[in-house]
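Labels run A, B, C, D and E following the written order; every chain starts at residue 1.
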Amino acid sequence: MLRFFYTRVGYAVVSLFVLTLTVFLLTRLTGDPTLMLLEPGASAADIAALRTRLGLDHSLPVQFWFFVVDALQGDFGTSIYHGMPVIDLYLERLPNSLMLAGLAFIWSLALGLACGVLAALYANTRWDHAIRFVALGGLAMPPFWLGMLLVLFFSVRLDWLPSSGDGGWANFVMPVITLGWYFSAAYMRLTRSSMLEVLSSDYVKLARLKGLRPWTVIMQHAFRNAVIPVLTLAAINLVSMVNSAVVVETLFAWPGIGRLLYEGISFRDFPVIQTTVLLSGVMIILVNLLADLLSSALDPRIRL
Amino acid sequence: MSALLELRDITMHYPVRGTRNVVRAVDGVSLSIQPGQTVGLVGESGSGKSTIAKLALKLQEPTSGELRFQGESLKGVKGRALKPFRQQVQAVFQDPYASLNPRLRIGETIAEPLLASDERLSASQRAERVAEALAAVELPADVAQRYPHQFSGGQRQRVAIARALILKPSLVVLDEPISALDVSIRAQILNLLAELQQKHRLAYLFIAHDLPAVGAISDVIAVMYCGELLETGPAAGIATQPRHPYTRMLFASVLTPDGDQQAWNTAEPVGEPASPTNPPSGCRFHPRCPEAIARCRSESPLARQVGDRVVRCHLVT
Amino acid sequence: MSALPASAAVPAAPRKARWRGLPYIAFAILGVFLIMALGADFIAPHNPERAALSLRYLPPAWVDGGRAAYFLGTDHLGRDVLSQLIFGARISLIVGGTSVVIAGVLGTAIGIAAGYLGGWFDQVMMRLVDAWLALPSLVFAIFLAAVVGPSETNLVVILAAVYWTRYARVVRSEVLSLRERDFVRLAIVAGASPSRIMARHLLPNVANTAIVLATLMLGSVIVTEASLSFLGVGVPPPRPAWGLMLSDGRKGLMAGYWWLTVFPGLCIMLVVLAASLIGDWLRDRLDPSLRPLS
Amino acid sequence: MSEQINSITGTSDAPLLSVTDLGVAYDGGRIPVLSGVSFSLAAGRTLGVVGESGCGKSTLAQALVQLLPAGAVRTGGRIDFNGRELTALPETALRDIRGKDIAMILQDPLSSLNPLLRIGTQIAEVSQRHLKLPRRSAWDRARELLASVRLSEPAQRLREYPHQLSGGMRQRVAGAIALAASPKLLIADEPTTALDPTVQVQYLRLLKGLQREHGFSMVFITHDLGVVANICDEVAVMYAGRIVELGTTADIFKTPAHPYTRALLDSLPRIGERAGSLRAISGQPPRPGQVTGGCAFAPRCPHVMPKCREASPTLLASVAADLSLDSSVASSVASSPVPSSPASTATTRARRSLAACWLTQVPAEAHA
Amino acid sequence: APAAPQGTLTWGLSLSLTSTFFDPGETPGTGAPLLLQYAQHDAVIRPIAGNPSGLSLADKLEQSDDGLTYTFTLRPNLRFQNGDALTAEDVKFSFDRYRGAGAKLLKDKVAEVAVLDPLRVRFKLKEPWPDFLTFYGTTATGAAWVLPKKYIEEVGDEGFKKAPIGAGPYRLKAFKPGIEFNFEASEHYWRKTPNVKNLVFRYIPDPATRLAAIKRGEVDFAYALTGALGEEARRTKGLTLKTANIPVTNFIVFASQYDEKSPWSNPKVREAADIAVDRKAINDASYMGLARESYSAIPQAMAFYWNPPQSVYDPARAKKLLAEAGYPNGFDGGFLHTDASDQIGEPVQSYLAEVGIRVQLRPSERAAHLKQVAEKKLTGLVLTGSGAPGNAATRLDQFVRTGGSMSYVKDADIDTLLDQQSRELNKEKRTAQLAQVQTLLSERQRFLPVLEYAFVIVTGPRVGVDGVNLIPDNPYTGPYEDLTIKPGQ
């Protein structure tokens, strides 16, 4: 168990390292950041001074070392546009994203599980076809399009919901639906197939052979098992939801990290882009690690 | 007479993922196969039979011990240097569905060893050899053009045998070649194997669960328990007069339709097979052994020659 | 639970009782778009990049004020929406298709090698894959796009760089199980070299998976490409890309110019839908265990 | 015909289970898998069902509890159990019977236990459901049941999960689940196939012991003739979805009447026998849906007659197939009519076995 | 006593506000920070209520006849928002500290700033500089905004950016960079107590979303709604559509005009491009006709503007010119760099394509675009513009003089003329010199002017005094202290 823990943590550390290296190298590919930081027409001396200040006069490996050391201390550089530490910007927006993603997570999971189970129970009936059709459509629908249609309908035509920004609960409705839509369609499919698989398993067969009531068979024996892969996927998706929110947050002017990334791109604010991307990856790696360790602690079968 | 293939004190330990433990799949096994001889390997599930097969085929390097082929050690032999061995030793595995590449035609599968070998053959020569091999396993030549999924288990096993034979090897390792087959097909394959052995003077390492079947085809039977060889000896003797308490228990558990209900009335096996991850101390069989003495618990017996047998038991003399 | 029908008590096994016409429709949709993409120069009624400000915001032909010559209407610069959609198909399919193929070839090759050879190569590749997979595809793509700047070629490179890891991961795990399959063991026993085993025994057996993955991926790639355009780091304007049209059309949405968003969105959705239907169908189709015995 | 079947089982009064002319087809009725299956079973007796893979054994087991997989339909026949016609009962009534009066043990003990639930939960829920026991006493009973299937430390085992047990122990748990509501009939679908020989013998002994103790009837499905010979009172030999021979264990193993039964027995290697001279059956069993008119075994039968290819024989009183089934003779026999007249065989009266074979069955008038 | 400030007004902004805007000492030379500065700060002299260089914190300006000294007398009892007194020391401090756009020029010309007494401060120039007030006293630089010396020395530059204090009508209450800034009326403002208690500036990047927000009453002002959105706003009941009269021109810089290898180095090609663009159509399509067609880089409202000949849209002649220049089949003109929020790039690109000049659009976000323009690394065409206040001379210095902060022009003749005019105290002569420069620009086709841009402001139904065009040259709504909310709303 301990050994498993160490290997998993080891892998995560290596992945973090590779991730950091990737982001670092790619950012350096974009050219000298000093020119972006300085006012136009800066003197050669100023440039040199700034390069020294930023540590750009060192070789790449040394720079990388500094980058890692700084990052470990929570110093991800200063936003070019906002002139303040990127990490402050990031932390300022993170709660907004987490809230949005959290609600979208709950809504998508609830909808996905409910529809998935229904589709499986009524497999190959009209209900099943309808649910699967919607799910398929959901997977195929680009989120920003869905968002626009929602705005067109609920904000423009009906004037029911605010089209943007954060504020009251009404502000959550459309972003949450838009963000959760794709995921709920995915959960729907996964729940359905996982449920069907479990329903045809021997232990569900045995549960029927025991003469148990359908509700017991479905909830106690089938659903419990079928929900595991869905939850695993969902746990991992929770984080990628925060990050996939770029489009949704931009569309609905939601002040989260997705929009921060978008603004970073717009302003060519490389420290911001680099940090948002890096921290997304870090979050996902850590959550994956946590999910791994947790599931090894929870699922009696994985326990060693 | 030098042995065709010899396993000398071979041990195979697999690490258990995420722990410091190992699976002692094979421990200190020595076994030799003479040319033209069939060695039958029996034992319960997980006792290490397939591991032996993989080691004998050099699909795996043992943790310790060495494999000798025609008197020469194969330790550290790799790549091209292994070619002569590869041509001489072929295999047939248990699952006739997994043994054939679903994407290759039967003919291509059978010709595979030819292509990998040093023999330079033209396409027509190859086709001829394939037809020959098919004929040997009593399949019509036109099946060469078909794909595996169009065949039944028995037919696939014939194809697998044809592939094993196409290079005219001297040894074929058969890991449970009949276990997955229907009862009514088993005898067909056993007969075929025996016939081919006669014709080509093949040696077999024959692994199976089905004790009567092993008895029917083997010259020598080796009995494995939890990674160790407990008893080795001539087939007839082992079946009728087992020396090791485990061998006795195993053969007594065979239920036959002969109606005398002998096994049923006599045998009362006890306990569960030992786990190779966590083997008992001393003799690994001692927790189930009706005759176990104190020594069995503490001291692991060594393999000893007793008459025509090699037995690993403190009690057999 | 008494409302459950008898069929709920005994749920169907996942037998493929899908309507058989579905894949044909999917193929038809994809075919239409493919023809549009290939023959755009001949099919499109107008030059998609040509603006005529006097013809701004013409609605579709069947709406009041629409003109037959501009069947699906015009955009804020008076460009023909239909022509843009037709040329947009080219960008979507070419960018999507090429990147999926490049990612597929690369990912499959690396996946096979990593899975079969194992050792340090496997370790290095898989850590890289882990790290890269940790980046949500869109975020990673945006990052790369911001780094290398937008152009169609760059976009292909970016999407391939983002998506190869998925193939590598899937193919590798498949190879890991194939490697333990008897027919691979028997090929080793028969004396086949590693390269031969990878090319002849592993590749054909993972090819299906890779193809199915590719069709399913095509959808995500097209949506990602559109999202990039939408965020302004995709195909640079005024190339008529669907994502870009949506992004531009968003401004007209509020003013009621719905056709600027509805049609390109519909195109994306149809292509993605068709691709994933074909993917599903191929998955069933190529699975030898589901193939009828002859 | 049912009297005939009952006569075999030696029961004059109504049997516990009686199956009449049962047919099942897959794929919504297109692929027949079982046809004309009839047998009956008296209380306390054990019927062995043997047959090769795919001959419909599991389908039969599922049909008996009215739980056929999706796509499978019953195409005819009826099943009577304990005085009720199962095939006419509504689902709710069947639910009360399943697990209570009819219990089942499946082949793979690992996959038939829910990996996420404790052993105790899985056993206790049966008595909670059918015996209406409260949770606590259901768990107490579960512990007793585990003890009765001779599992060591039952109290601790209750709290464990399936993956923590060995194959043999899991199968015992499955046995405990089956016995939880004291059923009248136990259907065991290849319960020992996944077990090692030594463990198999232990388990079979346990089952027989429990049967003696509780008096339930058992339908024991297997492909292992050795097992059947040792533990069953009656045997049904199945081939391609039909029962080709039905009779007492002694009759079937000593004097098989169907050439298939005979050939199966002959093809098994005996100790001392050498491979190469085993009497193999040529060809292979048909797949469902492939069976055409006539006897399904005809293509492989050494004694095939023209009539065999035309019409399918029904299960009738038969004489022992007193034939040399040596493979060398088989081909010549196949082309010529059988030398001995079945009706003249003296052993007919003594046997109570039925076989579906034109060659060996006793003509109606002779029977009368 | 005036009524206490009440209510909240909310803006839907098209630009991202950042805390770097808090410090006028770092004014980047774009108009954006004005949005905050008018609320937060006040200046010695600045555009105010109808006067482009009106006295604000100062109530008296004495100018010496030699044009070398300027003495400002501050109003009495001025206070910063934290209650500290505002004195001449602060004025000097702010000037010395200034390092934003135009700082070098300003400091090169100013010999000394002397605090005469707590209310008087004197600027001494090295040589006569007629534009001193234009630079110091308008928003061409941010040097005249007065910052609290004591406070800044206490908290440091970083601390100041986190919690800025100014002398303006509104005090910063809370801010989330890039999202929302909240201001609260200050009781210390000299001019008057503001009418509205709270101002909320919200960045809504997407124009459609901005429109939706104002339609639903979530914001009271929405900036920069163009094209369809503007039309829709105009159609919507309750919304008012206005345009700020600001001297902003949109023009295309031929960034590659000195690259011998580029077709753009040929004046005929540049002329062809000039007449290939239909300015009127673009105005109608993008700005609902609110903008003005433009033929000069200098806005018409600016002092020293010279009215150039108007080029006539004539694609046929453009093609002919191209053929004469050796490009009968057109050519590949490289990138057309634009600001992403811009309305002109695409139609221009399309018009150019019409005559065979193929350019590739390269939009970036406004701030990024400006930065790139200033870095002068761009090639091909650069669509830019400027809303910087000032006069024709300041514009020319920035965009035309060799080495000017955004200049891609290198023309020795023009540079000479510009140098001359900068020392010319005679207004007529100076006008002539500047006209000469503009003539040269026009003749030599240094630019492709397109439109004088309309900064569209949509106001919602709650707004009483909307502040549009109350401050000269200010595109935004102000003075903030004068804004009102309609009673009963």
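In this section, a contact is a pair of C-beta atoms (placed from the backbone, for glycine too) under 8 Å apart; a residue touches a chain by one contact, two chains touch by 3 or more.
In this text the structure is predicted, and so the values were computed from the model without any measurement.
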item	value
Chains contacting each of chain A and chain B, listed by label	C, D
Partition of the remaining chains by touching, absent chain C	one piece
Chain pair with the higher count of C-beta pairs in contact (A-E, B-C)	A-E
Reference chain C; chain at largest CA-centroid distance	D
Mean-CA-position distance for chain C and chain A (Å)	20
Whole-Å separation of chain centres (CA-atom averages), chain C against chain D	52
Averaged-CA centre spacing for the pair chain D and chain A, given as whole angstrom	54
Chain C and chain E: spacing of chain centres that average the CA atoms, whole Å	45
Overlap residues in chain B, where contacts from two or more other chains coincide	none
Residue numbers of chain C (touch at least two other chains)	9-13, 15, 232, 250, 253-254, 256, 293
Sequence positions of chain A contacting 2 or more other chains	123, 151, 156, 200, 208, 213, 250, 262, 265-266, 268
Chain A-facing residues of chain E, complex	16, 18-20, 161, 176-180, 202-206, 208-209, 212-213, 216, 218, 340, 364-365, 367-368, 371-372, 374-376, 403, 405
Residues of chain D touching chain B in the complex	52-53, 166-169, 196-202, 204-205, 223-231, 249-250, 253-254, 263-265, 267-282, 284-285, 300
Chain B-touching residues of chain C, taken from the complex the two chains share	181-183, 185-193, 196, 200-201, 204-205, 288, 291, 293-294
Interface residues, chain A side, partner chain D - complex	123, 200-203, 205-213, 216, 220-221, 224-225, 228, 299-301
Chain D partner contacts - residues on chain B that touch it in the complex	44-45, 152, 154-155, 182-188, 190-191, 193-195, 198, 209, 211-213, 215-217, 236, 239-240, 249-250, 253-259, 261, 263-264, 267-270, 272-273, 275
